[in-house]
Amino acid sequence: MIPLSSYVILSAVIFFIGVIGVVIRRTIIVVLLSIELMLNAVNINFVAFSHYLESITGQVFVFFTLTVAAAEVAVGLALLIAIYRNRKTVNVEELDVMKW
Amino acid sequence: MMQAIFIYLATVCVVCAVLTVSLRQPVYNVMALLTMFFHVAGLYVLLNAEFLAVVQIIVYAGAILVLYLFVLMLLNLRSESRHLHRQWPFAVLILGSVAAMLVGAMQAGGFGLPTGEAPAQVIQAVGNTESIGLTLYTDYLLPFELASLVLLVAMIGAIVLTKKELIQDHGEEQS
Amino acid sequence: MVTYALIPLLPLVSFIVVGLFQKWFRNQAHLICVPMVFLSFALSLTALFDVAQGNTVNVDFFEWIPVGSFNPTFGVMVDQLTASMLVLVTLVSSLVHLYTVGYMHGDKGYDRFFAYISLFTFSMLVLVTSNNFLQLFFGWEAVGLCSYLLIVHWYERKASCNASLKAFIQNRVGDFGFAIGIFLIWVTFDSVDYQTVFAAVPEHLDESVSFLGWEVNVMTMIALLLFVGAVGKSAQFLLHSWLPDAMEGPTPISALIHAATMVTAGIFMVSRCHPIFNASEVAMMTVAIVGGFTALFGATIALTQNDIKKVVAYSTMSQLGYMVMACGIGAYAAGMFHLLTHGVFKALLFLAAGSVIHALAGEQDIRRMGQAKRHMPTTYWTMLWGSLALAGIFPFAGFFSKDEILWQAWNTGMMGKGLWLVGIIVAFMTAFYTFRVFFLVFYGADNMDHEVRHHAHESPKVITIPLVTLAIGSLLVGWLGQPFWGKNPVHEYMSPVFQSAVSGTPALQAHATPLPDLVTAAFADDDGHGAPAAPEAALGAEAAVTPDAVATPEVAMSAEAVVTPGAVVTPEAAVSAEAVVTPEAAAHPVAAAAAHGEEAGHGGHDKGAEFALMALSMLVAVSGIWMAHRWYGRPSQAPSRLAAAYQTLYQGSLNKWYWDELYDAIFTRPTLRLANRMWRVADDIIIDKVLVDGVAITTRITGEILKFFQTGRVQHYAMVMSLGIFVIVGGFFLF
Amino acid sequence: MDHLISWVIFLPLIGAAIALLVRDHQTVKIITLVITVADFLISLPLWLGFDHGTAAFQFVEKAAWIPTFHINYHVGIDGISLLLVIMTTFLAPFCVLCSWHAIAERSREFMINLLVMQTAMIGVFCALDMALFYIFWEAMLIPMYLIIGVWGGVNRIYAAVKFFLYTLAGSLLLLVALIYMFFNGGHTFDIPTLMTVGFDPRAQMWLFAAMLIAFAIKVPMFPFHTWLPHAHVQAPTAGSVILASVMLKMGTYGFLRFCLPMLTDASISYTPLILTLSVIAVIYGAYMALAQSDIKKLIAYSSVSHMGFVMIGMFVYNQQGIEGAILQMINHGVTTGALFLCVGVIYDRRHTREISEYGGLAKTMPVFCTMFMIFTFSSIGLPGTNGFVGEFLVLLGAYKFHPLTSVLAATGIVLGAVYMLHLVARMVWSECSNPENQKLTDLNLREWFVLAPLVVMVFWIGLYPAPFLDVMHESVLHLLDQTAGVAGAQQIAMN
């Protein structure tokens, strides 16, 4: 029987790989991918807890993260295209208009 | 037996995650992510969430990654030389330590959480999809509707963002 | 009884009427003011007559500030002391009112001047008829206000603005001490009413109150504090420099306020509170020494002054010193009698000086006068009588009252003898400077410039009538206190007031010098009143005060010096001022040496000693006049040669021993500089800019610093967010 | 009419509402005048009908307002707050009259501001519910901020912002204290009940510290006073009058209503600090006033000195001191308000506040000068005027409690005379050299009507203060029982 903690550790590791991805990659595409990674990590956690706590709600919530992930990707990519059209670049470091 | 499968799936997921983040070519990142989705689906099966595994593959792998590929092809991005921040080791170090600390924290804390009233056997009997559907449409009806709303907003947003110059500068040539 | 209330109220009515309807009077204000004052003079005469019959009055009209146990009232208390003061105040006031009609004729502020004189008379009368300390304080400060308003009458002149400001502030310093005295009275006696306080004096004799570390007897403390008020008001030594400057005001008010009435308020207060003063030897000694020294101090300055009004002002200060000295040695009746006579002939001298100035078109410097005898005969002989009275020549008033004081001084032990010596020296100087002025003005070299001599004329009737009445008064008033035959009428008259308290104070060795107990008491009084019915008082009013002073003069002096006028009152500042005072004590060897005299005056003295002393003081006065005649009667170089010989002394006396410059250096300039620097540095920069605006600036600076974290790059924000999580979770697990 | 206090509080607000509807400036002014005078008239029955016998709150009205937070609309007055309310309503018409021509542009909004201000101020004095008190306390700031900020002098923005933020910072601390008291006082905001709750001494120390800072800024006490000169110099005349005569009393009223009865232990242990600060305030204020060249700043610093007296009077724990303090509050309101009105009169004519610009006013404006002199002497505390009665009682009470404080504070009498008469000498008496001063006209009828009643008040309180004092006796004795009862105030021998 696989203990719950191993699942939690797994999702934590994946989550943080996602975070590192977000922080260190320069192109927005990969940043969005890393965010997908983080969302998947969260789903793993949900399902793991749902299984070990014998309650279905965990799995139901996965659906909601799913929808959010989908919406997020749609809007993210739309933004990416709009930025690409205006700035001709997808490199995050050049998008610092908000600098003080 | 189960132990081995879990370890296999877990290691592949981690490796793919690392590859998604570190590879130079965006297409290779997407492919790595694809393999990871499959193995996450495997994990779901391991956790008796078959319906979710299927949904995972259809939605994530099928829809979202395809979307990524579309965009990749649309903008024909090539890999650049420096795809990482200059001081990326410094960031990895910090976040790694954060992760390690959190993982350690997870170990310590017990999870005395209240158990629900639907043990694995009952789900097996009723069927995973049916039980999800049952709870989804009773307890979580409102969130469900809101989720649909989120999707609607996302769609409109995506359209408006990308189709903007058509409406705005009708006569101008394509920027 | 209602009539007594009317006495103060009549002048108030005329003040209100003239004040409110000034425009309608158009220089006719005297139509209402003069009759009102004369009416109140008549009423006060009737009051004197009633009181002489022995029935005093003490009634409260309404409660002024009813708060718990402290509830002072507005009321009237008329006893022998008040009645005499009432007569003096109303007499001099009505004569001055009459005089002003002539003197201030054609002046722009004519009505305003009349309004303020009647307000002054009202406040003086309230002060005199008060029956509790707070109403006394009310009159006290109201009188100060009126003197301020009247000194600044010709407000165009810078000098009169400064003089009025100086007068009010120095009075205010005196009132500061007086107010603290009243607080202490209320705290010890739990009441401010004369009756209850004086009756309760014996119970509180041994109590003591701590003052800056010293345990001072409560009676001494109260007495000294009240005396500070008296010093402020009667221009005694430390708070004296405002009186000569007050001469900037018109002459009528100099006569009324700065000679006869306001300045005597201090002496009136001391004699009114004699139970408190009698109960503490230290206070009595301080009063005596301060009085004596002021007399000497004033006389020395008066010798060399060249402005006619300044000379008379300094002579007032010196005579006030006399009266305070009299109170100091316990001879309240003598002090009050001198106050009455002095009020009459000093007012006469001022009014005469005013008439001279009026005649010589405002000329005040006596060096540019001379041979004025021809032009103004009535002013000449009235001023002569006034000068004789001031000098103390036989038939005139000064002789009787001054000798009475000297005689009482002689009787009170060694210190008394010291004070007597000072008195004699001052008497000589007084005679000298009075007649110096007299001869320079009316005789001597005629160095009036041409057109002034051309239309120098005798003053109109309305000015000379008061002069004449006062001259007759200064001749006859003296006889009120004649010691030659029968009992001294003034002592008889005053004895119930002062005698009641003396028997009440066991602590005092009531070693009464029996009165000259001659049988017939001819109560000759120019106003033709009935014989006194006062009982045969065994205990003389002036119980000898044995000056076996416990505390040395320094202690008394330091209490005196604590009240430095106007400076930042910190104990350290007090000490510096005290250093100023001690040289004075040294300069006054006689008092210091006589500080511990033996048993007070020997047994029943005989008349002979008294007459001998009188003859001696008469001789001294005459020699003073003769010297003045020799130096100033005929043009001679003696005075200039003498002045050249003792240059420092002459300059010192001429510049009022540099007290004004001293005050300026110690108080006015440093205060202004301190205030300015404190405002510029402390308030503006430290509190305002640094602390208050500083908070604003620091918030802006921190904002500037934090701004650098907004790099605009999403990934940095992600990094910071994760660090945030790290800290929170870490914190959660650590604690 | 039974809801008398509510009418007194909210009549100005109704007036403001009406004024909002009217466009024309002139009619708005008339409406405001009528409303303020009416407000004064209906506040008189409060005084006449006041029962001198009891110390309990009278004319009490209680109604549930926000039940969920236990806040209810609870108003009432006792001996301490009655006179302050009467003074506020008494001075309001003068503020309106004095700004009849002075405020040229946007006078409609100015009048509305005045009315809202009036409601807030009376509300503070009558509130018996801490939340209500706080709401009125804050509501008062906004109109004052606008009055200074919009109709003020040259750098009015700086002054208005400084005033607002300074007072707001203080009142936030007050809010914290109120909330603490709500929870620890049995879940009620009701002032009378909270007076009976004995908070534990340690908590009292913190509560008192918070309230001390909040009220000290308002009083203003020594270190917190620097906003006052700026606010006064920049405020228009009416603003200055209200600021000086009523708003400064909020701080002292706060001490009397909150600190002394509720936090008695803390008050007693804080007394040395407060008395030292107040004595410094008296002497420091006088010195500052001496160094000023701007009239309004001079009078502002003089009110710092006067309020120092009031603070001393309150923390001496005897009847004379406290009643003196309350009366001194009224006197300061009348006298300093009048002084500011006088400054307004000459400011309307010469449009400058520099003392050196004036000189020899006695020749051209005699009536004005007499009035100005009367108010100067009242501010100095000359017997027979109202200033004396208050100051004397305060010093008397202080002497009984701690003689050294009283002696040091008494120097304020002398210093007061110095700086005020120095001002008068430079302005009223010296010769009239400046040409503009020669053609100044004397008081017109409107100005005369503004100043004459104040002169009457000065002499009435000065010569016959009994009607004012009788109102306070019971309440002050009750307050003393509360303070003495807890810790035997008398045995605190501080010296």
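Per-chain residue numbering starts at 1, and chain names A, B, C and D are given in the order in which the chains are listed.
Methods note: contacts are C-beta pairs under 8 Å (C-beta built on N, C-alpha and C of every residue); 3 or more make two chains touch, one makes a residue touch a chain.
These numbers were taken from a predicted model, which means no experiment stands behind them.
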item	value
Selected interface, B-C versus A-C, where C-beta contact pairs are more numerous	A-C
Centroid-based (C-alpha) most distant chain relative to chain D	B
Distance from chain C to chain A - Cα centre to Cα centre, in angstrom	97
CA centroid of chain B to CA centroid of chain C, Å	102
Rounded Å distance between chain B and chain D, as computed from the means of their C-alpha atoms	68
Inter-chain centre distance, chain A versus chain D - centres from mean C-alpha coordinates, in Å	63
Sites on chain C at which at least two other chains make contact	715, 719, 722
Junction residues of chain B - those touching two or more other chains	85, 91, 95, 98, 102
Residues of chain A engaged with two or more neighbouring chains	19, 23-24, 93
All chain pairs that touch each other	A-B, A-C, B-C, C-D
Complex interface listing, chain A residues touching chain B	1-2, 4-10, 12-21, 23-27, 29-30, 32-34, 36-37, 40, 43-44, 47-51, 53-57, 59-60, 62-64, 66-75, 77-82, 84-86, 90-91, 93
Chain A partner contacts - residues on chain B that touch it in the complex	2-3, 6, 10, 13-14, 17-18, 20-21, 26, 29-30, 33, 36-37, 40, 43-44, 46-49, 51-52, 55-56, 59-60, 63-64, 67-68, 71-72, 74-75, 77, 80, 82-85, 88, 91-92, 95-96, 98-99, 102-103, 106-107, 111, 113-120, 123, 128, 131-132, 134-136, 139-140, 143-144, 147-148, 150-151, 153-155, 157-159, 161-162, 164-165, 175
Sites on chain C touched by chain A in the complex	707-708, 710-715, 718-719, 722
Sites on chain C touched by chain D in the complex	62-68, 70, 134, 137-138, 140-142, 145, 148, 152, 155-158, 161-162, 164-165, 168-169, 172-173, 175-176, 179-180, 183-184, 186-187, 209-211, 565-566, 568-569, 671-672, 674-676, 678-680, 682-683, 687-688, 691-693
Touch list for chain A against partner chain C, complex	19, 22-24, 31, 92-93, 95-100
